[in-house]
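In what follows, subunit A forms one complex with subunit B and a second complex with subunit C.
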Partner chain A sequence: MSFAADIIRASRPRTLWSWSAAMIGLCFLLAGAAPLGVNGYGLYLLTLTGIFALVALGLNFLTGYAGQISLCHASFFGVGAYATAILTQKAGWPYLLSLFAGALFTTAIGAIVAVPALRLRNIYLAIATLGFGVVLQKIIFEWRSLTGGGGGLALTAPSIAGYELGANGLYYLTLILMTAGLFGAWNVSRGRTGRALLVIKDSEIAAGSLGIHSARYKIVAFAISAFYAAVAGGLFAYLVRYINPESFSAGLSISFLSMVVIGGLGTIGGSILGAAFYVIVPELLRGIKDAPGLIFGLLLVVVMVFMPQGLWGMLRRLGRRPLR
Partner chain B sequence: MIANLIVGGLAAGCLYAMVAIAIVIVLNITDIANFAQGEMAMLATFFAYWLMDGLGLSWWQAVSIAIIFGLVQGIVIQQVVIRPLIGGPVLSAIIATLGLNVVLNSVAGMIWGHQTYTFPSPFAFSAPFVVAAVPVAVDSVVNIAVGFVIIIAMTLFLRFTWTGLGLRAASQNQTVARLMGVSITRTSAIAWGLGGLVGAVAGVLVAPSLFLDTNLMSALLIKAFAGGVLGGLNSLIGVFLGCLALGVAENLAGAYVSPSFADAITFIVIIAVLTIRPEGVFGRVRIRKA
Partner chain C sequence: MTHLAIEDVSVNFGGIHALEGVTFELEAGSIVGLIGPNGAGKSTLLNCISGITRPTRGRVRLGGAVLSAMSSAAVARQGIGRVFQHPELVAELSVHDNLLIACHLSLEYGLLSELLRLPNVRHQERTAAAKVANVLASLGISDSAAARVGSLPYGHRKLIDLGRAMLMDIRFLLLDEPIAGLNDSEISRLREILLGLRREFGLGILVVEHNMPFVSGLCDRLVVLDLGQLIANGPPAEVLGDARVMSSYLGEAADA
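Take a look at the complex of A and B:
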């Protein structure tokens, strides 16, 4: 009955396969060697890029593939950060274990958020997810005994198997997790789930008539993207070593959305490019208070109007590779 | 006590309603939720402030010019940003307006900085009405009255003019409307112009109650959407009542349940309404065909 998702398998041209493999290898080599070449602040920015790329990869499932808008990803990010921090600092769990447990917990929340979201589209979905974001942020804020409330939570350096994780360690951990996330995203998007989500984006009715259970796939999309956001949140908490509910506002959710859109909706490379762009541009424009906002806002508009495929789509076109 | 809370809630609710009406005019005709509406109104309000403060115009002159500015602003934004997106996925247009929201906010920040200004109001020093021993601020009465006037005017315009008929036709089915000789780009421009106009009215009425700064509208926009969704986004009067109800509910929840959770409670109510009745309390059900 639900073989439809297999039947509509999109064919991909297999040109320049070795070329792209070489490029990917080069990227990893550069990423691996990066701590040798940059100073502490540069390393912080690189780690931040990796963390945001994880969120963007997850959000891309939801917005890029399934076509569902979410304005509560900052809260998933925040819940992941808080869950990881609390399990590590207060319950004394090992960092990696609490990172994973926090992510699973947030995944469950993501699936719960998806249930009312199933009946909603576009603007209504935007409002409902915005509402969830506000509620989650408020719960973090008010649960003072556990989260420290508005005073925030200061964290000590995490350790893995007795080895204290410094800036380099956290960078490599982020790199490893991002690579795993990339691999997972790549597989899911090429598989049955990714194709089903693409059909749901185009037309839910068509998806239903092809035997795709769109409710189930939407919940899966929400859950996966919450998982990614939460892992990123757990890393972020220990990158900045101080978390506070104010950081996880609707504005951050819009920023996440802008990364995915500017990078290119529905493309994995675009998510990473968008995250890098989001971290680098404000650095270039430091000192002019409103300039980054202006650039990002303008880019969101320009990308939507002139290049719906985003920066990644533009790069691929420049590279004369056929667009998928 | 409870009467005071309700009156205070209505006062807040009518601020949400002003912004919500502007959003709904655009949403109903073009299907696009304009997340930049609040910032458009903020820009028009700052323009009015500049006319008064910089050029020394009177309140009425400045506000009249600012309202025309709002109209032109709406049409220009429609022509530049929205027109190329007509016919594309609705999500693209929503994301574009989210971007516009950030752009307008930054532009206003660059021009006027991030300090707060006090926006004057001709009603600020009038003595409040007293209804059954409860003082009611003149501002609130004016806001509610203006809200009703806008709704009645919009309803008459949409019902009884050729242009209004065209707008309603376009909102029902763009293809058929186009076959009947209604220009979709023109109706969309008119809708955005009207939205900008009403938004500017909302801005100058809201600004005296709050402080005028670049974030004047960000909280209101969220509440306006929430109230609109509560009432049902495809009915003007539903949106208006939804926003008033939201204001009252917020105040009561803040006083009797938990002051810090007032925001969260209203959103929980809205999520519940959306889950049970996604078209809102007063909304009509639309059948999806694609």
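Take a look at the complex of A and C:
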């Protein structure tokens, strides 16, 4: 037993371990202290980064590990947002309970969407999920009595155990849930599900010969990623305090997919970097007159051309060089 | 003892008869060579047994279980291992991780425990890692445990693919051209491993291979296919003396 552990340990130098541990500690320290150092808008952006990172972490199971493209994650995000808002605002449930119930509801929708998607792959799957997304968005739009239709829903600040959740509170809640999501994603990546998804991406014939039911695992991947997206949606609704169906369009789905790819497919750190890139970089470019969209688009091209492994892959290569 | 029964199996691919009424049995503890010229239907037959191709007629049975009605994953769960002609490994993962994937069926924790990495997950993962280390040692490739599979020579990758089957608690093993691309020392190691698997676990082995000296030295019995039909089934010496086998097959591939 110790033999195997030795092999694994030998493959990673000790310095790298303590180096990564220090980096992770530093990140959490910075994240925890952030509300002290930024203004309200800065805090909004950081919260949004955490929310998008949660979506990207979930989508990474599906796209990065199982190799399945989804263009309906904005809709899962939206269903989570609406379910949480409706349960909290209209049914009067506690916010955290609504968030969780909304996420479970969306998980079920994710699993249902996965069933017809099992027959499709690549571009065909992308188009089919695009269709699912449009259908879900349309249902939200038409179900006026519940969702307010195109007029949207305006929300008041939620409270947890009697405490009203302000901008700081929501930021810390997002940080906690994102950390939990990160922990779950890391565990799955080194467990039987993560490995099964990787084999399915590589070869379904190989997966079958190892006793892995590809269909079952693709459904699991859709369901988990819908869960992550819905939790993020439930946070997002109360970050912006106003949601309407327009907020959850296919364009947002494409952004989610880009975050995972830009950050680095199949890497957990990459999902977070990708989300940060998507939120922070356009803000930095805002000072440039008339051209932020153009430059952001070009940056995406540059990242993809010169860093096919994404931002995380690049960072890892840079980080390893001095240690060798 | 249960045996693997191939019963009157036929496969048509759009009018082409890939297999026609093939019947034979593979007993536990026996090593059977499946030989025949290219296009004889050997790989198609392996695909029928492992649930990848559905027979048009006939069935494959293991005791009471009809394998030919199952998905490939369900067949694997019945204890049928498959080693492909070209190893189906995840190139970007390490050797150790590629083998760990084959422990899938022996890991019995649920998704929720996995997300939280509860103690039972850690315990089972440690046990699996130890099994992987044992298999690596018996394959003689412990040194490359941490190496990326994509960076290894072809022969090593084929051994790793066999290692996966060894981790799966199987009763029967199907091998498709296992020694193609292996060097002499790898071939003799493979031979020892296969004989060891039979000796220790009573494994039944069906091996497709063109190399006659290897097959006749290893197998108890040879089954010969030609144009989808079974033309001989018996001990190597007898089968290789058969005039029909000589004319259909040996003229073409004896030099392999």
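The criterion applied here is as follows: the second predicted complex is superposed on the first by the 285 of 324 C-alpha atoms of A that agree within 3 Å, B and C clash if a C-alpha of one lies under 4 Å from a C-alpha of the other, contacts with A are read in each partner's own complex, and residues count from 1 in each chain.
Note that contacts are C-beta pairs under 8 Å (C-beta built on N, C-alpha and C of every residue); 3 or more make two chains touch, one makes a residue touch a chain.
Owing to the predicted nature of the structure, the values given are computational and were not obtained by experimental measurement.
A.B. asks: Given the touch rule stated above, what does A:V220 touch, subunit B (first), subunit C (second), both, or neither?
C.D. replies: second
A.B. asks: May I ask you to decide whether A:I205 touches subunit B, subunit C, both, or neither, giving the answer as first, second, both or neither?
C.D. replies: both
A.B. asks: A:G184 in the overlay: touching subunit B, subunit C, both, or neither? Say first, second, both or neither.
C.D. replies: second
A.B. asks: For A:T193, using the defined touch cut-off, is the partner it touches subunit B, subunit C, both, or neither? Pick first, second, both or neither.
C.D. replies: After superposing on A, A:T193 lies in contact with subunit C but is clear of subunit B.
A.B. asks: Regarding the shared-chain residue A:P116, is it in contact with subunit B (first), subunit C (second), both, or neither?
C.D. replies: first
A.B. asks: Specify the partner with more touching residues on subunit A, choosing between subunit B and subunit C.
C.D. replies: Partner with more touched residues of subunit A: B.
A.B. asks: Do any residues of subunit A touch both subunit B and subunit C, and if so, which are they?
C.D. replies: Common interface on subunit A, subunit B vs subunit C: 203, 205.
A.B. asks: Can you list the residues on subunit A that touch subunit B in the complex?
C.D. replies: Its residues touching subunit B are 63, 67, 69, 116, 119-120, 122-124, 126-128, 130-132, 134-135, 138-139, 141-142, 203, 205, 250, 254, 257-258, 261, 289-291, 293-294, 296-301, 304-306, 308.
A.B. asks: Any idea which subunit B residues touch subunit A in the complex?
C.D. replies: 27, 33, 81, 84-85, 88-96, 98-107, 109-110, 114, 222, 225-226, 229, 233, 260-261, 263-264, 267-268, 270-271, 274-275, 278, 288-290
A.B. asks: Quick one: in the complex, what on subunit A touches subunit C?
C.D. replies: 1, 3-5, 7-8, 10-11, 184, 187-188, 190-193, 195-196, 198-199, 202-203, 205-214, 220, 224
A.B. asks: What residues on subunit C touch subunit A, complex-wise?
C.D. replies: 50-52, 71-73, 75-77, 81-82, 84, 88-91, 93-94, 96-97, 100-105, 107, 109, 111, 114-117, 121, 125-127, 129-130, 132-133, 142, 145-146, 164, 168
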